[in-house]
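You will see two complexes here that share chain A, one where it goes with chain B and one where it goes with chain C.
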Partner chain A sequence: MKPTTIDLVNRQGLQFFGSVNASISHELKNIFAIISETAGFLNDLTQLSKQGKKLELSLLENCSNSIAEEIERGFDTIRQMNQFAHSVDDPVKATSIADTLVLAVKLTGFLSYAKKTHIDDAAKDITVLTSPFLLQNLIYRTLCALYKSVDTKDALKITFHEKNTDTVFLKFSWNTPLAWKDFPDREISDMADALKAEISITDNTLDMAVARDNDTLSAALTGGKQ
Partner chain B sequence: MTDIEKIHLLMVDDEEKFLNALTERLKLKFFDITPVTNGEDAIDVAKKAQFDVAVVDLQMPGIDGVELLKILKKSHRFLEVIILSGHATIDVAVECTKLGAFKVLEKPCSFDKLVETITEAYESRMKKKFEKDTDRMKQIQSLAFGQSPLGILRELKKMDDNQK
Partner chain C sequence: MKQIDILIIDDEIKFADMLSRRLSLRAITCRACYDGQSGIQWVKKNPGAAALILLDLKLPDMYGTQVLAHIKQIDPGIPVFIITGHGTREDEKECLALGAVEFIHKPVSIEKITTLLNHARGEVQ
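Here is the complex of A and B:
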């Protein structure tokens, strides 16, 4: 049976929220691990210095730079976590495609199997009236599927433009041709249906056409008839 | 102290800065470290050099920690492998232990805990290597309790034959 849009947000959405939070916590653990070991190394150097060993200033400089960089990385991660948490504030709203793509690339970037991904920064931003959370979920899952499928050394490129007044067109491309298996899966297909998005694939592109104004989503997500 | 007298550690982690910081700290102790950032390089260096203990991150792109553990244990009979994991769940620990990991540690773990675990792993390697050598086994088992992990490591290293 086809899930309702509310089901997509509740069941798959909760799973999505959990998995993103897990990857963020993993990223933060890595950051703390680096800070902890660098601070420990500084302490080791201090002890050695007390025993009369010459202290190399360049080592101290490297350590303090490393700690400062990790703190900045931590702040950046928390900014993304905050932005992601606020994606459920409004069931439906005018949503920036550029912002959604940037956040999805950053959040998927925490995954160990993520690939280098470049978003066309020359593209003019476009907004769509849709569910920001479901759109984020759809793009995140699409990126995960691509990262798992494309060649290990390959990179992804994402471009987007307004196809016509009703549709926004997102293109994901890569170099090495790919034999797709089981894509899009049922969860991605259900989400695409709810978002009025159409996905088509070739061996080195994935095109996603998203409706600019999804007027049925608002009622569906606030308990009205779908 | 020459490198031959040190414990040879293979450290594998795709977090390069974590790897570098830990390498610098361990170098100040009793260890000769070979740091690598991926499973493929770990397999290559393990073919060319002798390692006593490997410390392997679980989540890495390409060959992950579980896969690397299988490969290392298959091709290096006495190598002990410690797994570092950001998600050290019971399931992960059970799976890795079944595959021959010496221990699974949650990341970040304290430096002292890591050194203690490496010491235990090295002791385990020595016992496996010399299980038929009664005299050496007696020596290993008689190592004084109350010694620091690094003290035990030094004593164990003196008894090793430096063979793979």
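Here is the complex of A and C:
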């Protein structure tokens, strides 16, 4: 039996939230670990200076720059966490494809196996009336599957355009041909169905056609109040 | 004869480099590798050359457990400590089953690392 849309949001949504939170906490721990080591190094230098060793100002400057960079990395991570947390504010709303892609690439970028990914920034942004959270989830999981499958040194390119008045077309491409196994899996298929998205794959492209106005999803998630 | 004291395998370059510098101030020699393959290759080319290995779990090219399994095949006796910001209890169980000595969460104090090294050198009972 196919899961209802509410089932999808509840079950897969919780898994998605957990997965993103885990990767964000990993990122923050790494940032704190670098700051902690840098502060420790400054302390080491201070102790050596107290023992009469000449203090090299360039080392202090490097440490200060490194701490400032890591703090900025931390703020950037928290901004993405905040943006992601707000994706559940509205069950269905006009959702920017460009913003959704940028956030998905940033969130998946915390994963150690993430590959270099370039979003076509010349593309004109398009909005779709959909569940921002489910769409984010679908794109995030698609990117995860691609990162795990494409060649280690390969990079991904994402482009998007309006196919017609009813559909937005997203294209993920890479260079080294890939033999797909088990994609899309059942969870991704169920999510794509709920979002009225069609996925087709070749050995170096993945196309995703997403409905611009998903009235079935709106009714399921808002009880017809949209 | 050990060529170095500690091999650090971690893709957080700044963390690995800063830790190496701090340890070098304590007369501890380190080598840093920033992905799994280069870590494995180093161990393959230099069997028995490090007193211990600090291994991150999430690496860009392979998972830390895979790296651990390879290293243990090449050099079964080398003490490997997992240092990670992420690992789950399942990861911890798997790492210990594969022969890791300890599973340590980041951040880790320099004193803890020097203690691990002293144990590995057999300087502390």
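Details
In the analysis below, the second predicted complex is superposed on the first by the 222 of 226 C-alpha atoms of A that agree within 3 Å, B and C clash if a C-alpha of one lies under 4 Å from a C-alpha of the other, contacts with A are read in each partner's own complex, and residues count from 1 in each chain.
As a convention for this text, contacts are C-beta pairs under 8 Å (C-beta built on N, C-alpha and C of every residue); 3 or more make two chains touch, one makes a residue touch a chain.
In this text the structure is predicted, and so the values were computed from the model without any measurement.
When both complexes are superposed on chain A, chain B and chain C end up clashing with one another.
Contact with neither chain B nor chain C is seen for A:180 once the two complexes are overlaid on the shared chain.
Judged by the touch definition given at the top, the superposed model places A:75 against neither chain B nor chain C. After overlaying the two complexes on the shared chain, residue contacts for A:33 are found with chain B and with chain C alike. On chain A, the surface patch touched by chain B in one complex and by chain C in the other comprises residues 22, 25-26, 29-30, 32-34, 36-38, 40-41, 44, 48, 66, 70, 112-113, 152.
Remark: chain C residues 11-12, 14-15, 18-19, 21-22, 25, 58-61, 85-86, 105-108, 110 touch chain A in the complex.
The residues of chain A lying in touch with chain C in their complex are 22-23, 25-27, 29-30, 32-34, 36-38, 40-41, 44, 48, 66, 70, 111-113, 152. Of all the residues in chain B, the ones that touch chain A in their complex are 14-15, 17-18, 21-22, 24-25, 28, 59-62, 64, 86-87, 107-108, 111.
Those residues of chain A lying in contact with chain B across their complex are 22, 25-26, 29-30, 32-34, 36-38, 40-41, 44, 48, 59, 66, 69-70, 112-114, 152.
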